[in-house]
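The two complexes that follow have subunit A in common; it is paired with subunit B in the first and with subunit C in the second.
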Partner chain A sequence: MHIMEGYLPLNWCIIWFVISIIVVAFGLYQIKKIVDETPESKALLAVSGAFMFVLSSLKLPSVTGSCSHPCGNGLGAALFGPAVTAVLATIVLIFQALLLAHGGLTTLGANIFSMGIVGPLVAWIVYKGLTKAGISSTIAIFFAAFLGDLLTYVATSFQLALAFPAPNFGAALTAFLTIFAVTQVPLAIGEGILTVIIWDRLKAYKPKLLDKLGALAPNEA
Partner chain B sequence: MKTSTLIILAVVCIIIFVAPLIMFSGHGEDDGYFGGSDDAASEQIEASHYEPWFSSIWEPPSGEIESLLFALQAAIGAIIIGYFFGYWRGQGKEE
Partner chain C sequence: MKFDMDYIAHHNELTETNPYLKLFLTIFLLVLTLALDNLYFDVFIFIVMSVVILAIAKINYRSYFKFLSIPMAFLVITCIFLMLFFGKGEVIYETGIFGIVITTDSLHYAVYTFMRVFGCLPCLGFLALTTPIAKILNCLRNMKVPRIMIEIALLMYNTIFIFLNEIDTMQKAQNTRLGYHSYWSSFKSLGALISTIFLRSLDKSETLQFALDSRGYTGELPVYEPRKKEN
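Right after this comes the complex of A and B.
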């Protein structure tokens, strides 16, 4: 989902930057609040960020014959919500832009928007919706992570189709969705399963902390 | 979840990611397989005669250095997760 350095026209770079900065600033404010209220959630924040670090470094093969990487943004979204996850994604994306030439500084805003905002927002809505409907948090986290990952790539496809609507928006969107979203389906399933495994252990080790953060299903608390 | 369920989940995950390697075995980068989707998107953009207006301020000078930095990224994440999970597990046993 990385849009490479220099591959977005300046006006789009600015638009995505402005949106992302607002969300990341709100996320920083939320992190401060969460850490003040529940200091022991610091470790959980670190684990959520670390999970993104690991998953987004893994380039995995897909049944389409090309490679892509998962995002790991569903876990943070279910625990802390999308804005906090945007902050964690920013750290990962800066690391990759500076050291790996993956993504870039000019496209940082756009990449934060897809991996740090759209994906986590979808994951968070799915997670909250399913747990409120009485579905176990372990099942809910699978669908949250699966859709969070997939929609991150759908968001990138939209961003690129908006910036490069050649020959027209619809055709460009189809082309980018074919490159990104189709390849991503098996990876998103894998990410869902990995997130379930991590979630299961978190629930076993830190049930009280998860409950305090409001991250468990109502019937599990 | 039972340990056996976790192991089954992990195996399913491995199958998902090994399957493409078996399906396309014998193919490689030269005939267009296993390339990155990010690069494919960049090519799609270049096809519309777009010139990137900025390039990375630093790039890993070789594939070796790039894999070093990717391994470093995964290791940093794995250390943090492993540290806290081990800590929490020990904590749980003491209580």
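Right after this comes the complex of A and C.
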């Protein structure tokens, strides 16, 4: 769930914009470096971004009856790293706002922060940490996708609790976290399982590509 | 069709209007609505923008309501949630369930948030429903947003629709083979679908790169901007 247009007061919109712009600028710098080295990666980045966007139009089967879509930021982060994923997520969020009325322009900064920065960063750290520890990449990708998804919603709860600190910040955070934990934990598990299925097929069909992106565990490469 | 918003953006009375004007007007109105945070102004802006969208841009009222309906449904749920669980101060209504009460504070939060979103949604709708994405990106390019981001966004926009068609075909194929029959099989089907799309997307990106290279792509996609018809 994205924070919708107009949901946040102006001061918080500005704060999240400032934070997000710094990170996205860093991501752009990284992309520039990659593209300068290998010019043909631009098409790959664009197509991956389109892939992320298309993912959000698919429905994820969910236990609780609520429906949600996979956000794919775990997969993106494991493949391309968090900085690049942040830039792709930014474009995806703009498209979602303008093509699907999903999210919004004033809350773009806040949404980039939770979906494009916190989620991928956590997923990337978890993935790299687990694969370095010698755990197979299939298990690592499950936890990366699961935690990346979950932490996205924890970040959203933080943002909402900061914007609506009533009666105080702690109580508001607890309330938002309870709601998200109930609705999002099953979805996050779903996304984890889905990502594992995708990952398995990628490993079976394009192991060289994964190796080239540096996305495989050291003992599998 | 999922993407009728894109279709509408290309086919309405305001498509050819200066995109800078539309972009700045939208951003200005959004910021103004947020900054004023005034209930009357929210209603005012909602009415004005709705009139602009329906009467001036001549967008079908059904499409417009469809655009509003999903965010509005979410909005009502979240505002009820805000009303019940937040705030302190004077209790004005007791629900009698688990001691959940509505207080003056929480009511204030809920009403103001509701009205803020209520005012902002038509502003977003104005931009989203009247301006094609390619034009917005073109504006952003001229406003010194980093080139590379615009290029990736443009390439992405072109690819999205190809993907959607493929997904549609594949999903129908899976459906006819009972791919989404049970809970577990729908997981498997969806996993197969997404990984196939991903693998295809890799091939596609290669093809795209070759196609661009063979036409002398130097990192810039010049877009043809038709001159305004004079009449």
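Just so we're on the same page, the second predicted complex is superposed on the first by the 187 of 221 C-alpha atoms of A that agree within 3 Å, B and C clash if a C-alpha of one lies under 4 Å from a C-alpha of the other, contacts with A are read in each partner's own complex, and residues count from 1 in each chain.
Simple rule for what comes next: contacts are C-beta pairs under 8 Å (C-beta built on N, C-alpha and C of every residue); 3 or more make two chains touch, one makes a residue touch a chain.
Here the structure is a predicted model, which is why all the values come from computation and not from measurement.
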item	value
Contacts of A:K206 with subunit B and subunit C, given as first, second, both or neither	both
Which of subunit B and subunit C A:L194 touches, first, second, both or neither	both
First (subunit B), second (subunit C), both or neither touched by A:K32	second
Which superposed partner A:P186 touches (first subunit B, second subunit C, both, neither)	first
First, second, both or neither for A:V87, with subunit B first and subunit C second	second
Partner chain in contact with A:E40 - subunit B first, subunit C second, else both or neither	second
Touching partner for A:Q96 - first (subunit B), second (subunit C), both, neither	first
Contacts of A:I19 with subunit B and subunit C, given as first, second, both or neither	neither
Overlapping contact positions on subunit A, where the subunit C interface meets the subunit B interface	1, 4-7, 9-10, 43, 46-47, 49-51, 53-55, 57-58, 60-61, 95, 97-101, 104-106, 164, 166, 175, 179, 190, 193-194, 196-198, 201, 205-206
Residues of subunit A defined as touching subunit C within the complex	1, 4-7, 9-10, 13, 28, 31-32, 35, 39-40, 42-51, 53-55, 57-58, 60-61, 70, 87-88, 90-91, 94-95, 97-101, 104-106, 164, 166-167, 172, 175, 179, 190, 193-194, 196-198, 201-202, 205-206, 209
Complex contacts: residues of subunit C adjacent to subunit A	2-3, 5-6, 26-27, 30-31, 33-35, 37, 67, 70-71, 74-75, 78, 81-82, 85-88, 105-106, 109, 113, 116-121, 123-125, 127-128, 133, 136, 146, 148-149, 151-153, 155-157, 159-160, 163-164, 167, 180, 183, 186-188, 190-199, 201-202, 204-206, 208-209, 212-213, 219
Subunit A-facing residues of subunit B, complex	1, 6, 9-10, 12-13, 16-17, 19-21, 23-24, 27, 32-38, 40-42, 44-45, 48, 50, 52-60, 66, 69-71, 73-74, 76-81, 84-85, 87-89, 91-92
Sites on subunit A touched by subunit B in the complex	1-7, 9-10, 43, 46-47, 49-63, 65-68, 95-102, 104-106, 138, 156, 160, 164, 166, 175-176, 179-180, 183-184, 186, 189-190, 193-194, 196-198, 200-201, 204-206
